[in-house]
């Protein structure tokens, strides 16, 4: 892991999470505005932008902070003992705050009101299962990718590219992203009342992935 | 090859094949639902998701199980003597069962009935030739990719990305995928009655690729 | 360069060029059939498939034959003295013949008549300039890519992805491809009467790229 | 950095910037012509081509000139003391002139009038913020990518792929590109009167990224 001091690590988490959210929300606004009502075309633009920026951000900030940008990832690394309690808490706080800043920057770029609340209903068993599966896959991608000494940045970008399409929820897979996306009334938003269900499913999926990884690893 | 014990290898094959099928079927449902009747747009979403997840799954599980996820691949490695009869049989059974599980997970995520039977007719000489060509290309990609010490995970993801478009059958190229896709009545399904023709063509293509590889290799 | 004997090299050129043309023509048929009249969507599918298969084919066959698949590339390597006259001639003949075979395989997969003649007019100064620019860029990509010890397979795939869109001719950039595509009356075809103009422009662009490379290289 | 003499470096900057602009403008014309009025589809084609050619050009010319192709990049490397005043000035002049040549080549390929002036209004606080954010991200991508010894060519291509969608301005992020695009009355153009606002925002974003990089780096 990185030997960078905490201030550098938190700056990296802040910049990465803010850019991630600005991309998710900004590309969602751009795509919906231009797509002429064809939601598949809008999702193509949203997917391309999100997958691409994830590769960039993880490549850039991975050596500094580990490039979590995601409380579910930080939780798993806490459970693995690779990060302490205080550091994990600081990571999560920074992720949540800078995720919201990223959403607001997107709103400002697109000349929208800064403060918004999403009206997008995203709830029900299919959505929750989708988030659990999406986060299971994301954490498994990271853990097995590290184990394989593969290009984890590329793998995460490609995983989310796929998961935007194969889950019914378009794969939030990230509690900080879920909170931030509750504050935009655009393509990528989620109504605040539906956020807790998503976050709970994400935590369940993340822990399940860690358990699965240990099952396979103990054997090998 | 991997030194992981059989239980770890089978877990990797199970997780990989289940995620592959969840992606193929889930992204097919998502794409068709959103594409407003434009099948090319739907196929773009289906292609992007499938190509991307293949890179991820092969990168993650390759060092553990070899990341076959495909009885045609397992057959070729059996013919090359790199895997024993018992192990090959176990691989194929796990691939078939977990492929079906992947389809069911996709159905649950999209709030669809678990058990379905496909009504998509996919038959005739053009379709069979397509599957033989698709599987020939897939096996050749793997064998020459290994020989070239190239990034086989990336190559397979890109190969299937191309083959979804250049074959008339959208390139199943995998008997376990064919069986699993007979159990979804959605975009990516295939009527069960048409599955045997696809599987036979896939086996022919796979063996032909091995013969071709040996022809080139003996010379070089 | 490779130490593979000529028979292995020619088999690699044959398989690679045939798959390249099957992809260009097959994905063109698929894309046009599904795109509902939106040519940009059709070109997206055609581009994705062609760019992806180029990375695969060059990665797979590069270490054996150099993965030319293109008389313009063979010409440049002849001018650089890296291949002899007889070998170059054999390469070009194999490329032309197997390119045509690839087109025919595409026709058979899509249940079309084997023998076709294209009716697509592609002529005029803008088209010729496009082909010269496209081939200049392709050869420069290869020469500077080799010099930089970069991933040339990935670079060529990405270059053609771009060139399908930034040239007015959709970047044939390959005399064997041009001849083969004159034998399909589908999306990617070119009327035989227009082929010589394309090929001449391609040769001019290829030689210009070699001259440009030497200008830069002599300095550095 | 490169030990190539100045003439080779300037040739590389010229070829790279010309191809970049030919791609941005040419693919914009192609995409708009074919997209049947759906601007999201047009932007997909424009994005795919631009992101792909950036990876190619930076991979090819990076070892020779550093592959700036962008006065904002040259400014940052000047501020870091990695390039002298005279060399930086020469780079910027070559970038501007060859960018314009690239636009003209695109016009000629598409049988359009050589000399054009854009009528596309792109102005206002949202657009300026977009350009500052876009250039901040581009420079941060380059600086942190070099620091991480990552594949900077791939990172820049993917960054611009994302930024075309997540900024309201489609991310020019380059003063030479801005000037050149004022000279095309097509999809990718910008009215000359709006260019200075873009360029000012780009310089602000570039310098801010350098400051941010130093903040993180001093800590680590």
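Think of it as A, B, C and D in the order they're written, each chain with its own count starting at 1.
Here is the rule we use: a contact is a pair of C-beta atoms (placed from the backbone, for glycine too) under 8 Å apart; a residue touches a chain by one contact, two chains touch by 3 or more.
A quick note: this is a predicted structure, and the numbers were derived from the prediction, not measured.
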item	value
Reference chain A; chain at largest CA-centroid distance	C
Rounded Å distance between chain B and chain C, as computed from the means of their C-alpha atoms	28
Distance between the centres, which are taken as Cα means, of chain D and chain B, whole angstrom	40
Residue list for chain D, restricted to those that touch at least two other chains	38, 41, 44
Arrangement of touching chains [line / ring / star / complete / other]	ring
Touch list for chain C against partner chain B, complex	2-5, 7-8, 11-12, 15, 19, 22-27, 30-31, 34-36, 38, 41-42, 44-46, 48-50, 52-53, 55-56, 59-64, 105-106, 108-111, 153, 157
Chain D residues touching chain A - in the complex, by the definition given at the top	37-41, 43-44, 47, 51, 124-126, 129-130, 133, 137, 140-141, 144-145, 147-148, 150-151, 154-155, 158-159, 161-162, 164-169, 212, 215-217, 219-220
